[in-house]
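The same subunit A turns up in both complexes below, where it pairs with subunit B and then with subunit C.
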Partner chain A sequence: MSVEDLNPRAREGVIHPEVRAADDESERGQDGGRLQHAEAATKPIRAPQTREKQPRGAKIRGDRPIDQAEAAERFLAAPLHQAAHDERLWDLRKKRDTSAHGIPEWEELRELASAIKAHTLTHLDQYLEQFEAAAKANGVQVHWAADGADHNRIVLEILRSRGAKTLVKSKSMLTEECGFRHHMAANGIEIIETDLGERIQQLDNEEPSHIVAPAVHKTRMDVAEVFAKTLGTDPDNDDAHYLAESQRETTRPYILKADAGMTGCNFAIAETGTVVTCTNEGNADLSGNVPPLQIHSIGIEKIIPKVEHLGVFIRLLSRSALGSPITQYTSHFRGPRKGTEMHMVLVDNGRSARLGLEEFWTSLKCIRCGACMNTCPVYRRSGGLSYGATYSGPIGLIIDPTFNKRKYSTLPFSSTMNGSCTNVCPVKINIHEQIFAWRKVLVEEHHIPALKQGMMKAAGAVLSRPAAYRAAIGAADSALKVLPRFAVYNPLNTWGKKREMPDAPRQTFHAWYKQNRMQKPAKDAAPKDAAR
Partner chain B sequence: MSARAGILAALKANRPAGDYPLPSVPDFAPLVGDDLVEEFGERLKRMGGRIADGRSGEPLEGVRERLAEAKVIASAVPEIAGNRDLRAVRYPQEVEDVDVAVVRAVFGIAETGSVLFTQDELIVNAVAYLAQHLIVLLDPADILPNVQAAYKRPEFGRSAYAVLHTGPSATADIEGVLIHGAQGVRSLTVLLMPR
Partner chain C sequence: MRVGLFVPCYVDAFEPEVGIATLELLERVGCTVEYPFDQTCCGQPMANTGCHAEAAATEALFVKNFSDFDYVVAPSGSCVHQVREHLTAIPQTDAVKKVRSSTYELVEFLHDVLKIDALPWAEFPHKVAYHGNCNALRGIHHARPSEIVKPYFSKPVDLLRMVKGVELVDLARPDECCGFGGTFSVFEPAVSAKMGYDKVADQNRAGAEYVVSADSSCLMHQKGCAERLGLPLRYIHIAQVLNGAAA
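Right after this comes the complex of A and B.
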């Protein structure tokens, strides 16, 4: 029989009972059972039918440091959105656990994935040259872009020289990094996002808030409002099936008439020159297979040496992201269709420089599954847009400062340092350690406001001396008992908001250990202990 | 300096210290039991696909209704007759009115319920996405135990296009409600039928 448990006991616990919907609209399977594949929720989650204005993301003011805490506060002030968001992402995290626990070799797969990535990244120049040679031999035109502007210029040139005016594309974090959509719009090229979540965000003029589920911060009512304004749907109809079907019907004409199609890249295979995309909607395959001109944008860190290595990464990716064993579509683009053109753009945009950062280069191993976001208590309570950056959540905290140290200087402080991100990462990036390392770098280089520096110094001094740490912990526990609420839930302690502090234990572990284990037990107690 | 030369030079200059050999990947024991056909069907259903057994009785029974409802059928297999000749298609856009497409899979994967196609089976790649429904013929003898075994097959190294389908097109981008037919096919039915 199967090693994998196909019927894990349904985990019925919910964090926010108010968003547990009474009825269920998700698809049923052939046997009538409720289906949970793709990014589906394991149980119906719905914000109550009370209209609540969607909280918007961080305020962007040029290079000035993002105030994530301010944006998070506004997200917290929208309790329906916050609860639905929290519940939905925690559900994805639980689906991931079930899926991971079903595979005996899960930890070995993570080790292998991490080691394959480390090897490839430390030999990336060779593998890129191998990839280029293979792709050229397949009849693909290969381009190199030093940065985002270079990428946009190259693509624009390809489009213009062929008279292309419209481009349909699938979701790609790389093109978000490059500001591709905005640049093309400014140059008279019409870009249509074909992933439902990404299309919602495009129509609402918002960035994606999550790398896997771009519109996860929106309720169905928000989507109904966006579609009513932009697609002319019935503003009073917020049925998810109706909304999704409206997007399908209005997007298809664009797909059919598009001059060009574009995809991102999950994995690029050096030995064969193949671009691999993983999607649930099939929109990357439409973008790549319908228009006469296809372009694949590839971050250079996406290279893996051989096809057989997909046997490791594909098994990890969707299980980590959504808890499903594989995405609905795993597509391998290697050469152009007859009579059409295929281009691949290899984009650096800061990656080669990141490789030289001793403490941070392993962040290039990231396969963009989003597991660290789903598990992060800060992310789930503040929403991806509060980070004001292309990458949000724990992985964002360690990547964003490499793009702009000043603008993203405060982000590494948006973490409780619980380490959960590191534990779920399928390529074993030590995310929480890098968050801490970034704090040190940013303080040393004076990117950090004095207030946070003070907290850092105190924390550093305490953490470096075990005795002082123990005294502080002891004091913290007793302080929780006696301090008035305003002292615990004050503005300096951002993450105390919306979180009740646990009751302080009567005794710390250290105090207990000292009392019970470091002293010789009383003589008459000894036999009892031994008998246990 | 060209972007290419600049990137390659920077990667060389910034190479992290240390030795990072490429690990060899061991063959993991399949997660599935010995009855690959049953395991495949079970997992396919969990991914939203349907399974029909054409090995006994009336072979097309499991897809009869789907075919009967279709106005335009594009078949890439000799076992089922269609009324749209895929070999005569000049532009992929021409297949946008197809109700049902019928294709044979190169192989299936029991671990995930996936089936593989290349440009040779699809004839027109886009038909597997623009059609409303997809019927897939699969020889039970072509079912592999796991994803790892699949990636040892030669098709990935030699096909211009190779794709694993696991159930139909799906989305849950709106409040986690699962919806089939996001952009591609609304249903995918695998019909077990020896070659």
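Right after this comes the complex of A and C.
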């Protein structure tokens, strides 16, 4: 199969015609050609030149359901942020397409990755024990944590018993799940995030908004503002290199003197007891390898059986996430360096329970690439913080309710179920079908507003009775009075606020059929109607 | 071949011409078409909202209306997707299974079942942006979506190429959702409308005069957005174009 078979546009050298447009000003390599790999944007992001206040995320009120729509509306009310966010993430989606379409066996790779995960998850106990044994044989101290609190307690104990007061860590969604940083701060341990995006979010006291690009919702001006306040940089200098360099320079001293270091885990290899991390900044290597005490936090679903399986996932991960063939660093942590300690904490935190959910267990296949977020048209226009949860975007919609059904009951409705997420998922999780399935579960367990369910009940009652339905539609000219509520199910007329209402037709199809096909012959029936 | 025509509720109420064009087109290509008079809806609004119990009676009515046909044809990828994939609120009797597996969307019925290779009566000399409804594209496989690494195909574009004068324009984001999303359009109006605005702006930039789709619901939403933004775009269902609408 040639590239041209895959897409006729490939003849013109492009999958998306606008990718390599004339205004492509991406970085040049040594041969003078534009660089399409690495994390650089395909084209420079047009950073806003005007100051606009950064919209904040969803309001959190204990266990009360998150109002994602409200937070999304505030995000949209900051058009510069929204446009930059959409453009940046769509750019990643395009680069993902370009690199995926460059690999003819891409769909086979997805199939294979999905099957490896399915196999591992259905033999998880076995592989976890194998991993533990292999890690111990490597000189690693292995711990098991039932939930986030357990994880935090175990880590705190390790730190305290060694007199550790500072810990540098690389990015980990698992530790976000556990509320690790906040817990440690409350116990007098200083935590320093070493990933650029994660550090920005830490300094701004905000959660990550994207699992791969934690600060993607911020503009350079926002970062300049945060760094000026916290790192003492020039508030008027929003040059990306200046800001990144400032973060590196201020973080390095912490890395050099930290008592302990921590990383998350992309893949845990059962056969060798190895933790593998994939990063672009090299900060996981520094966080893990410099301090005398190193800890790796591992979600139990991260296990894969053998080293040979790793290649399948490595080929998919960064291409799906950023469109680059591989991350700059793929680091294997296997055993403690001489004179140091290495700990691995295997964390369940709801995963075993999720494994038992017939319709939702495959969400555990997720390798946290963020491709579903990049492609999600709702996510790109809402910002990740609008979901008010550790995991945002499509994968968040199907994972979050397993943590707290009431609080995240609204999230599966923040989707058009267009299915693009499912198609980009490198491990073939049927994300949009699980969103559909969650809606059913949430309705059955009375987690949707009574108003909404009442409207559906009324609609169902009318739509199942032809006579009532015809009466509701009535004469054509009254259709519009009834339809906003009836066909559009909309008591508040939210349709009309931003969209024109459809024109009132002269008559319904039903009335036309009755008049033209039940009373006279078909041949002189319909006039050729033009589009309105 | 006995074909039962399903005219979805919003087509019946808002876009009767789409129903008429579908009926005429099917007759033109030799089908005997009947329109069961007691039809209403496929149950999608309720099922997509998670309210399956509330959808059951509507689904049962749909099956009752259409159980006697060789094929059921509807001018909507979205409703056909509901019938084929999600009509599960009622017990899956043989009659239900038969209706679900014999229900086709118009484009795939013409393309795959009737294998139409010419539409001599159709002429539409305009610049056209084709909008693939997400359920038609990814749910019932009208075309190869841009995400998937497989050989390119598109059933609606194959049919549009048989229409004299159609000039297809390329969108920057060809299969991005337009934001209609059924009840999403009213429960998340801000995001829905913004997606619609971005979609119609893309169509406008591509130089389209007309936007053609196999789903009236997306068209209704996009038309509402384009009118609000004052863009000179016109929206028409593919059934009308294939049936020879002069525009």
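Methods note: the second predicted complex is superposed on the first by the 417 of 532 C-alpha atoms of A that agree within 3 Å, B and C clash if a C-alpha of one lies under 4 Å from a C-alpha of the other, contacts with A are read in each partner's own complex, and residues count from 1 in each chain.
As a working rule, a residue touches a chain if its C-beta (ideal position, glycine included) is under 8 Å from a C-beta of that chain, and two chains touch if they have at least 3 such contacts.
Model, not experiment: these values are computed from the prediction.
Of the two partner chains placed by superposition, only subunit B is touched by A:T330; subunit C is not.
Contacts of A:L442 after superposition: subunit C is touched, whereas subunit B is not reached.
Of the two partner chains placed by the overlay, subunit B and subunit C both lie in contact with A:I103. Overlaid on A, the two complexes show subunit B and subunit C touching the same residues of subunit A, namely 1, 6, 103-104.
Those residues of subunit A that touch subunit B in the shared complex are 1-4, 6, 25-27, 29-31, 35-41, 44-47, 84, 88, 91, 102-105, 108, 112, 115-116, 118-125, 128-129, 138, 144-146, 150, 194-197, 200, 213-216, 218-220, 223, 240-241, 243-245, 248, 251-252, 255-257, 271-272, 274, 280-283, 285-286, 288-290, 300, 305, 307-312, 314-315, 324-337, 346, 348, 352-353, 355-356, 358, 361.
Subunit C meets subunit A in the complex at residues 7, 9-21, 23-24, 27, 35, 37-41, 43, 45-46, 48-52, 54-58, 60-61, 86, 134-135, 137-139, 145-152, 170, 172-173, 175-177, 179-198, 210, 220-221, 223-225, 227-228, 234-236, 240, 244-247.
The residues of subunit A lying in touch with subunit C in their complex are 1, 5-8, 15-18, 68-69, 72-73, 76, 82, 86, 90, 97, 100-101, 103-104, 106-107, 375, 377-378, 381-382, 412-420, 422-424, 436, 438-444, 448, 452-453, 456-457, 459-461, 463-466, 469, 473, 479, 483, 487-490, 492, 494-495, 497-503, 505-514, 517, 522, 525-526, 528-532.
The touching residues of subunit B, counted against subunit A in their complex, run 2-4, 6-8, 10-16, 18, 20-23, 25-26, 28-33, 39, 42-43, 45-51, 92-93, 96, 111-112, 114, 119, 125-126, 128-130, 147-148, 150-152, 156-157, 159-185.
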